[in-house]
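Below is a structure I'd like to ask you about.
When the chains are written out, they are named A, B, C and D in that same order, and each has its own residue count from 1.
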Amino acid sequence: MWLVVLVIYSAWISPLQFAFLTYKKDVLFLVDNIVNGFFAIDLVLTFFVAYLDSQSCLLVDNPKKIAIRYISTWFVFDVSSTAPFQPLSLLFREQSSELGFKLLNMLRLWRLRRVSSLFARLEKDIRFNYFWTRCTKLVSVTLFAVHCAGCFNYLIADRYPDPTRTWIGAVNPNFKEDSLWNRYVTSMYWSITTITTTGYGDLHAENPREMLFDIFYMLFNLGLTSYLIGNMTNLVVHWTSRTRNFRDMFRAASEFATRNQLPPRIQDQMLSHISLKFKTEGLKQQETVNGLPKAIRSSIAHYLFYPIVENTYLFQGVSHDFLFQLVSEMEAEYFSPRADVILQNESPSDLYVLVSGSVNFLSSVDGHDRVVGKATAVDLFGQMGVIYNKPQPFTVRTTELSQILRLSRTSLMNTIQTNGEDGHQIMHNLFMVRE
Amino acid sequence: MWLVVLVIYSAWISPLQFAFLTYKKDVLFLVDNIVNGFFAIDLVLTFFVAYLDSQSCLLVDNPKKIAIRYISTWFVFDVSSTAPFQPLSLLFREQSSELGFKLLNMLRLWRLRRVSSLFARLEKDIRFNYFWTRCTKLVSVTLFAVHCAGCFNYLIADRYPDPTRTWIGAVNPNFKEDSLWNRYVTSMYWSITTITTTGYGDLHAENPREMLFDIFYMLFNLGLTSYLIGNMTNLVVHWTSRTRNFRDMFRAASEFATRNQLPPRIQDQMLSHISLKFKTEGLKQQETVNGLPKAIRSSIAHYLFYPIVENTYLFQGVSHDFLFQLVSEMEAEYFSPRADVILQNESPSDLYVLVSGSVNFLSSVDGHDRVVGKATAVDLFGQMGVIYNKPQPFTVRTTELSQILRLSRTSLMNTIQTNGEDGHQIMHNLFMVRE
Amino acid sequence: MWLVVLVIYSAWISPLQFAFLTYKKDVLFLVDNIVNGFFAIDLVLTFFVAYLDSQSCLLVDNPKKIAIRYISTWFVFDVSSTAPFQPLSLLFREQSSELGFKLLNMLRLWRLRRVSSLFARLEKDIRFNYFWTRCTKLVSVTLFAVHCAGCFNYLIADRYPDPTRTWIGAVNPNFKEDSLWNRYVTSMYWSITTITTTGYGDLHAENPREMLFDIFYMLFNLGLTSYLIGNMTNLVVHWTSRTRNFRDMFRAASEFATRNQLPPRIQDQMLSHISLKFKTEGLKQQETVNGLPKAIRSSIAHYLFYPIVENTYLFQGVSHDFLFQLVSEMEAEYFSPRADVILQNESPSDLYVLVSGSVNFLSSVDGHDRVVGKATAVDLFGQMGVIYNKPQPFTVRTTELSQILRLSRTSLMNTIQTNGEDGHQIMHNLFMVRE
Amino acid sequence: MWLVVLVIYSAWISPLQFAFLTYKKDVLFLVDNIVNGFFAIDLVLTFFVAYLDSQSCLLVDNPKKIAIRYISTWFVFDVSSTAPFQPLSLLFREQSSELGFKLLNMLRLWRLRRVSSLFARLEKDIRFNYFWTRCTKLVSVTLFAVHCAGCFNYLIADRYPDPTRTWIGAVNPNFKEDSLWNRYVTSMYWSITTITTTGYGDLHAENPREMLFDIFYMLFNLGLTSYLIGNMTNLVVHWTSRTRNFRDMFRAASEFATRNQLPPRIQDQMLSHISLKFKTEGLKQQETVNGLPKAIRSSIAHYLFYPIVENTYLFQGVSHDFLFQLVSEMEAEYFSPRADVILQNESPSDLYVLVSGSVNFLSSVDGHDRVVGKATAVDLFGQMGVIYNKPQPFTVRTTELSQILRLSRTSLMNTIQTNGEDGHQIMHNLFMVRE
C-alpha cells in the first residue's frame, strides 16, 4: 500500500520534472532519491517472496526458482526504473545532456505496472465494489493522460525558438516568467479542454510541431473517450440489470393477470411472491448453488435442514442414514404472508416442513374457507396426502412470512423403499399421532 | 408530492442566491422562510411515521423505535438543512460574514436526498414507464449540474479583483451593471456550452482561478456524459429487445423454410404462429408463470380452466377432485387461423379443449383434404386417439383465431389410474356419445 | 410511397418557409397547394380503408366504424395540418399577421407522423435490413433537427432589432442582402457545428435571445447524441453477436483440445463441426423450430423426410401411419467430410439415414482402420446394432459433406411396439437383405 | 501480405496526389507505375486461383469457371483501378484535364476492398485477438477518413479564387508558398480537430463551399463517432464478461453462505470450487463440448479416459466393448484441495476414478473425522456403495488439486446388464480384492 502511494507520487512528479523543472540539488532531489531507495528495497525483497505456480496451483518458495523467474521477466525493467541516473551523472557534470537524463527519468513510469496489477486484483476481489474500482481506474488513467499531455505540450512550447508562436505564448508572450503554478494550471486547462473535446480555442496549436503533437493527442483522446463510454455503459448495464429483471418479471406477471382477468387474490399472491423472491434471493444464487458438486450441496443441506427435520414427530426414531439421504433432497423456499402452499384436493406431490412462520389449515365449506387448524414452526404438513397418496384434505395458507422445506413424494418413497425399517418407523409415528 | 416541488424550488434557488443575490428582507426572504417552515413540519412528522423493518418485513409503529432510528440516521442533516441561519443571524447583523451564511444556505441541498429516493422508488414502480422515469432523472441531474456550475462560475467572476480579466468581463466589461436575467442566461449559456463539450470559445476562462474551476467542471462533465450515454444505451437496448427478438425468431424461421424449400402452406403457418406468439405473449411471461410456486399455478389454472372443462361432455359427472387435478396439468395456447392442431395419423399425445374460435375436422381422400366435421367452443377433440391409443383419425385445422387447452395423454392416464371411478364415468360418457 | 415523398418535402419546406421566405403568389405557393391537395385526397380515402382490430385480430370494413374510429383519433390533427390557411387568408389580406400564418403552417409537420409509423413498420419487416432501417431513421431525425434548428436560429437573427449583434451579423453585418443559398448554408453550418459539439466558435450567440435558444438546442443535442450512440451500440452489438458467438465456441473447443492434448484428428473433427454448424444454421434456428406447435413440426418432418425414408429398403411395405409417426421423431444433422458418425463398439443408440453425401464403413484391424464398405444416399446404417441391441460393428465416417437423419433407438422401439405388424415387416426386410 | 502494404500505400498516396501534388515525371511517377504493375500481376494471377464454392463447400479449380466468376463480378473494377491513365494521357498531353486524371486516379481506392476483406477474415481467425483486430480496423478507418477529409478540404482552399477567404488563408494568406509538410500537417490538424469534435476554431470554414464540405464531414463524423463508441462498448462488454461472471457467481455464493450462516468449512469449499472452475474451464467450454455429435464426444472420452480406466483393478479382464461403452458415459471434474467428494452415509449415486492428485478416506468417530485410508492416482472409490447399493461407508476428501472421473450408478448398472459376463468379471475382481 505504501508502495502504491510512492508509485502515484512518481507518476505525478516524473512528467512534471520532465517539462517544468531543472535539476538541481534541492529538496525534490532528496525526496526523489529516498523514493528510489524504497523501490530498491522492494526490488531486493522480491527475491524472497514465494509465488503461485500457475500450472500446479502450488506456492513456490525455492529462492533459486524465484530468482530465475524474476530475472528472466521484469528484473531489467525494475532495475532501470530504479537506478539513480542523476546522482551518477553528477560525477560527469555536463549541462548539455539534461534532456537525456530527463528521458531516462521517464523510465520511472515503468513503476505504474504495479498500479495496473493492483487494479486487476481489486476487480476480482468481491469485497470492493466493482463499479467504484472500475471508475477509480478509469479516472486514474484519464488524469495521468491529462497530466502527461499537459506537461509534454508545455515542454514543446518551452523549447520552441519563437515564444510568441507557441500555444501559450500567443496569449501570454512572457509566459516563461510566470509562476510555476500558473503555467501548470494553464497546461492542465489546455489538456483537459482538449481531452473532453470542449476545445474553447483560446489556447491552440500555433506551429507545426504543436499541431503534430495535438494530432496524436486528439487521436488518443478519441480512443480514450470511446473506452470510457464503453466501460461506463458496461457498468450501467450491469448495475441496473437487477432492477430491470425485477421489473420485467413483475410486468410479465401483471400483464398475464390483466389479460386473463385473474381475481385480485391470485394476482396479489403472484406479485408478492415475485417481490419476495427478489428480496430474499440474489440474481444467480439458485443457479450457483445448483452448479456445486453433490458433496458440497449435501453438506449444505445437512447443515441447514438436519437439525430441523430430526425434531419433527414423523421422523422420530428413524436412522441417521435415512434422514441424511432425505435432507439432501430437500429444497427451501420462502412464502409471503397469505400465500397458498397447498390447495385442497390438489394431487399430493410434496411433503412440507415449516421452518419459520406459521400457517393455517383451511377447509372449503359451502364455498367459504373455514380455518380448521394451525401450525407453527417446526411442524410438518401435507404428509397424509403424500403417504396415503390421496388428494390433499386442506388448503394450507401462510399467515406471516414463512420459510418452508419441500420434499417431493418421489424422493420420499424411493428412500423409504431402500430403507424398509425406517419406513415402518414412519408409519408407526404417523399412526401414533392419529390416535 | 408537494414536498418534492418545494425541494426542486430549493435546489434551484439555493445556488442562485449563493451566486447572484444579496440577502435582504424582501419577498424572496419571506418565501424562503415559508418553505423552511414546511420542511420543519415534515421533520416533526417523520417522528410519527411507521417504517418497514428490512429484517422481518414488518411495519414498526413504536414511536420510540422510530425516534431512535431517525435520530441515529438522518436527523442531524435534516435539522441543519432546515435551520433558518439567516433570520438567526439578523440578531448579530454583520455584513462581513455574508459568504459564510451563503455557504450554510447550501446545506439546503441536502433536501435533494428526497428526490433521489423518490426516483429509486419510481424506477421499481411498474406503473411508470422505466424509460421516461430514467430519462427524467438524467435530465434533472444534468440541469442541476448545469445550474450549479453556471452560478458558481459567475460567483468566481463576480469576486475576482480585475473584472476585465474574467470569463464574462472579457466580453462585457460592465457586466455587473447588467440585468439579473442577462447575467443568469449568460452563465447558463457558458455552462451548457461546456457540459455539451460544444465549447464555442466566445466565453472562456481568463485567469487561473477560473481555469481551475473549469478543469474540475470538465472532468465532471466527462464522467456525466459517459454516464448519460451509458444509461441511454442501456435503455435503447432494453427497449428494442422485443422487436429484435421477434425479428431474430422470424428470420430464423424464414431462413429455415427457404433453405429446406418448405411449401408455402407450412411456411405461412410457421410465420403466423410466431407473429401471434409475440402479439399475445409478453417476453418473459411463460417463464415467469412457470417460476411461481405450485399452489399459485394451480389456483390460476383452476380459475381459468375449471369452468370450461367441467362443461365438456367427456367430463360430465366426474368428481370435483379428479377435474381439479386435471386442470392443473393443462396448458393454454393460441392458434392463428388456418393452423393445424392435429395431423391425421399422428400418434396421439395430447387431448385438446377448444376454448374459443372454431376448428374443422379434415380427412385426406385421394390426397385432397375434405371437411368431415366442425367444432366450435366449447368442445373437445383428439379424445378418441388419446383414450384408445390409436393414431388420430382426422386433421384438425382452425378456421379463426382459437384458444385451445392442451392436456398430455400421460397426465390424463395417470390421473385416471389413481381415480378409478372417474375413469369409468369418462368411458361411459364417451360410449354414450358414440351411440 | 408517393405520400412519404410529399411528407419529406413538407418537412423540409415548412421550416424553410417559416424562417427564410415571405409569402407571395409564386411557384412555391402553387406547389404547396398541390401538395395540400394530395393530402386532402388521402384524408378522404382514409374513411374507406379497412383497419385491423387489435382485440380480435380481424379486419374491420364497416364504413361507420372506420369513420368513428378515425374522427375520434387523428382526424382533427389531419384536417388542421392540411387546411390551406394561406389561401383562406388572402380574403382578408393583412401583412401584420404573417408570423401567425407561418406558425399555422408549422402544423404541416404533423404529417411526420406518417414517416414515424412507416419506420415502425419497416423495423418489423424482415425483408429490410434492421441495421440500415434504423440508421436511416436516425439520420432522418438528425437532419430534421439540424434543419429546424438552423431555420429557427436564422429567424431569431432576422428579427433581432440590431443586426450586428446577432450570430450571423457579427461576422457579416449585411447578411440580409446575401443570397438565400448563402444564408441557408451558413445556418446549416452553424446548426451542424453545434449538434456535433464541434463548436468552432466562428459563429456564436451574441444576445440573450440567441443564448436562450442555444441552451435548449444544446440540451436537446445532448439527448440526441446519447440516443444516437445508444442505438449505434445496440446495432453493433447485435450485428457482431454472430461472429462473437462463433469465435467463443471455436475458442472454447480449441482451448479444450489444447489443454487435454487431444490428437489432431479429433481436434480437426471438433473444429470443422463447429464451423459447419455456424455455416448451415442460423443463430436461433433450432430453438425457433423447437418452439413451434407439434402439428407444424410434424408437417415439416413429414414434408422433408417422408419421401426419403419410404424409399429405404428397411421400411419397404410398412404402413403409412407407422412411417408417419417415425419421421416426426427424426432429426436432421450435417456432418463435415471425414467426420465419424458411429464409432466401432459404441452402444447402439441411434439409427441413421444418409440423405446426401457418402460414408465409408471402417473396421479396426491391428489398430489400423480398413474400409470394409461404402454407402451413398439414400441408405441406412446402424440398423443392425439398433435392432439386435449389439455394439455397432463398424466405424462410419463421412467422405464428403453429408446430411444425415437420426432416429433414436427408443423412439423406434416404442413405435414398433404399438404397431406389431410393421415390426414384423421390418424384421422381414432386414432378413431378406442379409440373405 | 505484400499486396496489403501496397494497398495501404495507395490509400495514402492517392488523396495526397489528388490534393497537393501536380503530376510530373518524377520518382513518385515511377513508384506509382511499379505499384500498378504489381496489381496488374495480381489481376492476372486471380485467373489461376481456385475458389471455394459457397453452395457445395468444394474447391473449384476449373480455369473457365474461375474466369467466368471473376469477370462477372469484380473484374471491371479491378481493371479500372489498375489502368495507368496518366502514362496513357501523355500521348495526348494536355494540361487542362489534370483534375480529370486526378479523379480517375481516385479509382485506385477501389483496392481498399482487399483490406476490408482481410479484416473480415482476421476477425474470424481466433489466432488473432478479436479486440486488437477490431481496434486496428477502427483506427485504420478513422485515419483514412481523416486523411481524405484533410486532403479534400485543402483542395477546396487551393482552388478557391480568393485565397484570403479560405480556412487556411485566413490565418496564413501566403499558404501556397509554404512547404508541403507544413500544409499537410495543417490539413491533418484541422481534420482531426473536426473529427474529434474538439473544434478549437482557429481554422474554420470561411466560404459557402467550405461550409458545405464541413457540413457533410461533420455529419459523417457524427456517424463515425457513434460507430467507434458502439464498437468499443461491444468490445469492453465482451472483454469484461468473464470477470463479471466470476464476480457474480462468487458474490451469489458468498451471499448465500452469509445469509444461511454456513460454517467456514463449507463456505471455503464453495468459494474455492468456484474459483477453480473459472481457472480450469473456459466460459462456454462445457456447453460447446456437449453440443458436439455423439461420435466425437465418444472419441474424446475414449482418448482421454480409456487408458486410465483400463488400469484400475475393478475393470481388469473385462471386454474392450464394455469398457468402451463405460468411458463414453464418464465425466471429468476438478476438485480443489480439502474438498469433499463423497460424504459418509450419502446415497450411492456415482463411482469415482481418481486420475491425478490424492484423497483421504475419513470415518466419523464420536463426531471427529478420523483418517482410515488413502488413495492416490490411479484408484477407484465409491465402488462398494454403488455395486451393493449401500450408503457410502466413508467420507472422501481431496488432499491436493485432484482430477476425478465420475460414472453414474445408473449408467454402470445398465451397461453391466447388457454385458452379463463383464458383470461377473467385475464382481470377481471386487471379491478378489476384499479377500
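In this section, contacts are C-beta pairs under 8 Å (C-beta built on N, C-alpha and C of every residue); 3 or more make two chains touch, one makes a residue touch a chain.
If you want to know which protein each chain is, UniProt gives these names: A, B, C, D = Potassium channel.
Nothing here was measured: the structure is a model prediction, and the numbers come from that model.
> Specify, for the interface formed by the sequence copies chain B and chain C, whether it is same or different in terms of residue numbers shared by both sides, with half as the dividing line.
Looking at both copies, the contact residues mostly diverge.
> Please identify which chain has its centre, taken as the mean of its CA atoms, farthest from the centre of chain A.
Checked the centroid distances; the maximum from chain A is C.
> So what angle, to the nearest 5 degrees, turns chain C so that its CA atoms land on those of chain D?
The superposition gives an angle of 90 degrees.
> Repeat of A-B among A-D, A-C or B-D, where over half of the residue-numbered contact pairs coincide, is which pair?
A-D
> Just the number, please: Cα centre separation of chain B and chain C in whole Å.
About 25 Å separates the centre of chain B from that of chain C.
> Can you give the whole-Å distance between the Cα centres of chain A and chain C?
Going by mean C-alpha positions, chain A sits 35 Å from chain C.
> Indicate the residues of chain D shared as contacts by at least two other chains.
197-201, 225, 229, 231, 233-234, 237
> What part of chain C is in contact with chain A in the complex they form?
Answer in residue numbers: 197-201, 229, 233.
> State the interface residues of chain D toward chain C in the complex, per the touch definition above.
Against chain C, the touching part of chain D is residues 56-57, 123-124, 126, 130, 194, 197-201, 204-205, 208, 211-212, 214-215, 218-219, 221-223, 225-227, 229-231, 233-234, 237-238, 282-285, 287-289, 291-296, 298-300, 302-304, 320-321, 324-325, 328, 415, 418.
> Over in the complex, which chain C residues touch chain D? Could you list them?
The touching residues are 135, 139, 142-143, 181-182, 185-186, 188-189, 192-193, 195-202, 225, 228-229, 231-237, 240, 243-244, 246-256, 260, 262-263, 266, 269-270, 273-274, 277, 279, 333, 335, 339-343, 345-347, 349-350, 389, 391, 401.
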